[in-house]
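Let me give you the structure first, and then I'll get to my questions.
To keep things simple, chains are lettered A, B, C and D as they appear, and every chain counts its residues starting from 1.
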Amino acid sequence: MSDEIKGLNEECGLFGVWDDDHAADITYLGLHILQHRGQEGAGIVGLTDAGMVRHRGLGLLAEVFTKPQQLASLRGRAALGHVRYSTAGGRVLENIQPLLFRFTTTGDVALAHNGNLTNARSLRAQLEEGGAIFQSSSDTEVLMHLIRRSHQTTFVAQLKDALNQVHGGFAFMLLTEHGLYAASDPNGFRPLVVGTLPDGGTVICSETAALNAVGATFVQDVAPGGLVIVDQSGVRFDHYTTHTQLAVCSMEYIYFARPDSEIHGVNVHQARVRMGRRLAQEQPVAADIVCGVPNSSLSAAMGYAQESGIPYEMGLVKSQYVARTFIQPTQALRERSVRMKLSAIRPVVAGKRVVLVDDSLVRGTTARQIVKLLRDAGAKSIHLRISSPPLRFPCFYGIDIQSTHELMAANHSVAAMRTLLGVDSLAFLSVAGLEQSVNLTSTAPHHGLCVAYFTGEYPTPLDDYDATLRSELAQLYINVGEVSA
Amino acid sequence: MSDEIKGLNEECGLFGVWDDDHAADITYLGLHILQHRGQEGAGIVGLTDAGMVRHRGLGLLAEVFTKPQQLASLRGRAALGHVRYSTAGGRVLENIQPLLFRFTTTGDVALAHNGNLTNARSLRAQLEEGGAIFQSSSDTEVLMHLIRRSHQTTFVAQLKDALNQVHGGFAFMLLTEHGLYAASDPNGFRPLVVGTLPDGGTVICSETAALNAVGATFVQDVAPGGLVIVDQSGVRFDHYTTHTQLAVCSMEYIYFARPDSEIHGVNVHQARVRMGRRLAQEQPVAADIVCGVPNSSLSAAMGYAQESGIPYEMGLVKSQYVARTFIQPTQALRERSVRMKLSAIRPVVAGKRVVLVDDSLVRGTTARQIVKLLRDAGAKSIHLRISSPPLRFPCFYGIDIQSTHELMAANHSVAAMRTLLGVDSLAFLSVAGLEQSVNLTSTAPHHGLCVAYFTGEYPTPLDDYDATLRSELAQLYINVGEVSA
Amino acid sequence: MSDEIKGLNEECGLFGVWDDDHAADITYLGLHILQHRGQEGAGIVGLTDAGMVRHRGLGLLAEVFTKPQQLASLRGRAALGHVRYSTAGGRVLENIQPLLFRFTTTGDVALAHNGNLTNARSLRAQLEEGGAIFQSSSDTEVLMHLIRRSHQTTFVAQLKDALNQVHGGFAFMLLTEHGLYAASDPNGFRPLVVGTLPDGGTVICSETAALNAVGATFVQDVAPGGLVIVDQSGVRFDHYTTHTQLAVCSMEYIYFARPDSEIHGVNVHQARVRMGRRLAQEQPVAADIVCGVPNSSLSAAMGYAQESGIPYEMGLVKSQYVARTFIQPTQALRERSVRMKLSAIRPVVAGKRVVLVDDSLVRGTTARQIVKLLRDAGAKSIHLRISSPPLRFPCFYGIDIQSTHELMAANHSVAAMRTLLGVDSLAFLSVAGLEQSVNLTSTAPHHGLCVAYFTGEYPTPLDDYDATLRSELAQLYINVGEVSA
Amino acid sequence: MSDEIKGLNEECGLFGVWDDDHAADITYLGLHILQHRGQEGAGIVGLTDAGMVRHRGLGLLAEVFTKPQQLASLRGRAALGHVRYSTAGGRVLENIQPLLFRFTTTGDVALAHNGNLTNARSLRAQLEEGGAIFQSSSDTEVLMHLIRRSHQTTFVAQLKDALNQVHGGFAFMLLTEHGLYAASDPNGFRPLVVGTLPDGGTVICSETAALNAVGATFVQDVAPGGLVIVDQSGVRFDHYTTHTQLAVCSMEYIYFARPDSEIHGVNVHQARVRMGRRLAQEQPVAADIVCGVPNSSLSAAMGYAQESGIPYEMGLVKSQYVARTFIQPTQALRERSVRMKLSAIRPVVAGKRVVLVDDSLVRGTTARQIVKLLRDAGAKSIHLRISSPPLRFPCFYGIDIQSTHELMAANHSVAAMRTLLGVDSLAFLSVAGLEQSVNLTSTAPHHGLCVAYFTGEYPTPLDDYDATLRSELAQLYINVGEVSA
């Protein structure tokens, strides 16, 4: 289900180009393809003949870039772009990335980030005490101060020094007049890939789908702990640490990433089909049709249908033109808002036993409305199958599940949820099923996946968030003793 | 395929409410659901305590209504709304409907129209000679002048008088302080349906999907030649002529209408599934997978897969966030614009024999780019199957196919098209297959469908367009003698 | 005093060009110079190679024309522009002029108007009964319907026919593809002048200041009852009636027109200087300095100083940058709004006996605040001298004094006003003094001036407004018996 | 002459309030009155219950604050506002002040500046070397870094430490949650005054006119080297250095400041009147009328008229409504742009010998056009009298005369300028005349005025600008040997 409907949000998308005459245009196109990763703000810094020029704004890329000259002003042979969803840091222009730092002596630096740092708060306090002035309330800026205060003598050495001081989930990209730099955290939580343009230039971005769209050829994923350096001498795959252990965010496969992307060699659509197949094995049910919630659950629904032999049908339609934010009509009509975005095809579902496949269950509000929609269209029974395990724990690496008190599965047993959602049966994919469906070839725990939001097993210390988690868990166990029952 | 991609356009969507406290809000919601019928302008007239108030503008509904007070100012117990794509009349604010006429003596009248009048030009010339002043360049206004110049004494009688003078394809809706009025042309080219709101009020609108979305219950389609009168004494199903013959626009079923709508009793999604099934019977091919062009061709693709037994797969993905109009990058990158909107899932299509199902073929430009996209993703062979007959003739009843010189099938043989599109095979649904797939229970020619754009058989005289058609045909036969060969 | 401060408003400014390559640009510049005549809306129609194109909007000219292409789209060899303050007709886009009428058979007509018609309401009712449809709620449109329904056979004959049917105060301008037409009412209430451009083209506009600004040479005023026809055969000074009698609106000289304009041969600044001199003769007072309320009263203040021998001083300063509409701060601060626009120069006025010259007294609200401002700055005594007679009667010819209940002088004696305003003395210019100061060389009553708002002597029948005036007068005599005392 | 016409620009206006319920509203009103000091950007920081909130933007105050909620969001008991013209630092949002610094440990600081620092460049380079990151390209930010890196332990001590490190011309204001702070450079180049609000709160701002407008009572000017501290214990007049010497910018009196302001006890209007009187003594001429260029030269023109006995007349009128930036029409019409802003009253000047008084001569472009305007209106002879000495040297303390190559008087002799301007005679006020006209009661050189742009005598070392000046002077002496002749 699209985030428009569900309200579970990824933080950011990154896209940078080095050494191509159309760097800014390519970045603009690439960000369009990554728009699903962040809709609250967008920006591009172009390395032009007149130095670094930035255009950024609140809203979708198409709301930020409204005039050709806004793009034209960025043209040069390198560019760095960003689409943003804000977790840490308010929704103000100052926080829209790339951040741009002007150094009169050493040249400008543009910086963009996807992820969340677990020790940003304490690092910032230390830096401020040392006289540092921050221009934004976003965590990202910490990295720049660490670079500038490093006692190393080259930019790359300073950058490595800084990267070793920040913890958590991050994909960082930096642009200077000398090069484009990309780094991934030691667990590789967030995807980041390198590609080559037809004319020889280099693209680094969040997803392979964006490489394809701009005609670039995939080279490789940025490794955990890796630092990719692109400059006049070419592309170098370096690293800033060797203490690494793969733990890719499993929500990328389940829900966030585009189906046409591949992360660490696994195609997202196909991973979802396998989740659907596995779900059909783990949680079979007798039914007439299988429907997915458009659009992100369609792959898993197809998988469920293929494995179970139950026909795949288009029971729900998503409106293409309903604006992201539309004027909320009066209270009496507010409950109709899901019906603006989704509708049932009555003759398809009427009188049928329906397997409804959804990729995840967050607050349950939308699922309850979809179930009602199918009931109103005459569905005889509804069997909700979630192609991921129950979401029960906060994420501190860049996904907006920092508070668990609104997570349905963190507060209710499956039996209770079934009643609350009004379905005839409810079942989830197992954690093992998820891991085998994604099927990463890694010897790391959980086959190289991060499954912390399902199991509470965090791959790193939580630093500034330790106390937060402890209090979340305390409240969780008080409220929902029955969950583990 | 969505009109965003293809550029074949419907003219308008209508939505009116009588006797509900939330009339304007309901209309606003309803128009969202009808947004696919027109994206160039939108407007709502509300019958408020302070008389009729209008808000309208160029662009999508969400671009026109940007502040809650714009909607609030329209609140009252009746409203009439319109979304527009402009065929006749330029793209200027004056032409955005509903048109609103202020009469100091007899009260205001709002007027909205979906369709195209074949004798508007000659009627307008006559009226102007008689002293009439037109405020817009749209055909629609003609009706109002005919009403005002009628020698009948009641509004309904004047309206019937006027409706008998206009020819072509039309669904008209009018709102006065006394009632809401809806009329369909004698052939019922354009859909128009009546529903009842939970609190007893009445909705009349273009598609049943909009009824469902606002919680209204379907009552019946407006009959060809029918005039529906809704006022304080209730709903009356009247008519202004009995010389009628059903000829529903077949493009509504093929491409325009929402899959969750029902027109004259036929669900659009299911009709498309049947078109796909029939196409598989008429034009079978040995292949590994069936893919549809998202989103409008997915139903037909499912039908083709079901009938042929070839697996239905998600070979193409549509970007959800690429703006309707995005800044065109430099020439070198322009050819990428389809890749911004559609992409192939490489591991799904690589090495496969692909049946690509598209619902229609207009200029062929987009189809050619999609074919290239699949080739680049490694498709072994591509068999293009169009789930409608070849488009060869102009439409004069409200669809934007007024000029044939850009229609691929009007200018090339199937063999030539196959080469131009770069496909391994190409085939279309037959006209008979189309008629049987839609399966209207009508004894009118073509089972009550208008198939003029496929066959040139126009159900009405063409009036002002007679000469146009003759010259179109002359050029057609000169250019493409081989088409009929 | 500027209308920003006082709130007494003229209705409109007109500017048209025929036969110049820069017609639209010249019109745009000319309207800037006429902006004081109307700030609520602006529009220009250009006669381009692609027919008549219009750009119009609500607000100042600079708010309506924000992009060069808006002006560029209007370029051709003729243009008609308008700035508007709305008296009759609400403040909606539909009423912004020029009105533009599209006739498919006879070509487009643009129409602009300055003034007020006294029989518009009854004419419109008659026309609607005859089937006419109006596109705006403004009076102006009546003329177009009368033209189209005339039984004359040429456009000029139809126009003359129509002009003879409308009554009141009007300057009309029309643009067709064949010519530019300008007509003045039989009393010449509103100014309208003709000039010649350096390259031979013709300008017709409201004031000579606009001629000067665009480099045009003044030719002559449009005569009462005159019709000026400009077409390919040149400029003809025709007339539609010979029953004329000059009655120029005296408020043009007193307050509205620019000081650098000349109306019927009289320079406005110099007329104001003479009003100030005459006022000093009629109403002398012993004082230390003379100050005018900036900017429109400075001329009269200079005249008063010259005649009285009392030094002219800059006691008040007007803020140049305070926006026309600024955000109203909280109630407690609202009374400061005059201080945002005007301030006293303390050392100039402190301890001085001040003659404060203002050009007119409308509601008295602003005058009271200015008096307080001078008192706070230490003025010893304040002698308010108004360089026009007391405003007591409504205007029906185009100035926004249609209701008298807010006019201070219509409701209070001079003695009472002196107390209410808090001044040491108060005196007005006499009607005879006004007439002699303007000094028009006309044998018509009041030397060719309309002084109806001072004396109630209306130069024409009032038609639809007869009843209005009667009720105004009745209330006036009840409320303010003492005025005549 | 207004800066709209001349293009000589002040940098900024400051306005801060401490301890008033309407702090943000009062600041908003006050900035309106200071708008003449900067039209390129505006901003206000409000100290609200929710911390410091800022609203800022490019353009006039009225363009930046367009919705009541923008102002409402700033409401609290303290505020700091700024209007800006950019000299150093480009015209981008980042540079719009007040700058706002967020410190998670010690609380937010807002900072606003009027002036120019002569050692900003070298300080910034040193700071960057020490790891500092700047968020803007404006000089202002340097002060904040110096504060944060000070080894003092209290904010006031850190601030004094920092103020002693910056050189040049400055008026700084800072707002923290604990107080409002204002400092003036050791020469008092830029005006800064303290006032008391009716309810006991404190205002500090650039000009007394703004105090008057908001109803505040003047307390005293901020002394050179002074630091005013306003907090919960009241207002303290402290200082950060005692090495001071008054050198008020003489352009404030000549041209920039409002006529209703008083700077160090001298009313600006009256100083200008005295400049005009002195000019008449120094440079008399036989003539019929004296005219000033509206609006800033009117005071001096009055003085010239009073002293010479030649009648003061309104020969030129300034258009009130011509937008700051209007669409430039085609080249052929571009020369008319002065005529859009100024026009001559023909009957006033025709046949007359005119003394034209202007307050300063910058590039001479506008003066030449005004002379032509008067000639076209029939002036018999034109004697241009400039009420200030010739501008020949750059300013480094905050006025935009940093480059001399465009200054007419720096490149031409008076005789040459007379010819270039097309006047019958040309003369300037002497430096001594200027000093005596302003008449400050100071024993500092030049009676406490800075006259560097006239004489090249800079009151301070020029630091980073030393080399600039040397190269400017070298070029000057090469180009214009005749100037000293």
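Going forward, contacts are C-beta pairs under 8 Å (C-beta built on N, C-alpha and C of every residue); 3 or more make two chains touch, one makes a residue touch a chain.
For reference, the UniProt names are A, B, C, D = Amidophosphoribosyltransferase.
Fair warning: this is a prediction, and the values are worked out from it, not measured in the lab.
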Quick one: point me to the chain whose Cα centre is farthest from that of chain D. B
Rounded to the nearest whole Å, what is the centre-to-centre distance of chain B and chain D, using the mean of the C-alpha atoms as each centre? 62
For chain A and chain B, what's the span in angstrom between their mean Cα positions? 37
Any chance you could list the residues of chain C touching two or more other chains? none
What chain-chain pairs meet the touch criterion? A-B, A-D, B-C, C-D
Report the residues of chain A in contact with chain B in the complex, numbered from low to high. 2, 22, 25-26, 28-29, 32-33, 35-36, 39, 60-62, 65-68, 70-71, 209, 212-215, 258-260, 267, 269-270, 295, 298-299, 302, 306, 311-314, 317, 319-323, 325-330, 332-333, 336, 339-340, 343-348
What part of chain A is in contact with chain D in the complex they form? 93, 101-106, 121, 124-125, 128-129, 131-135, 137, 141, 144-145, 148-149
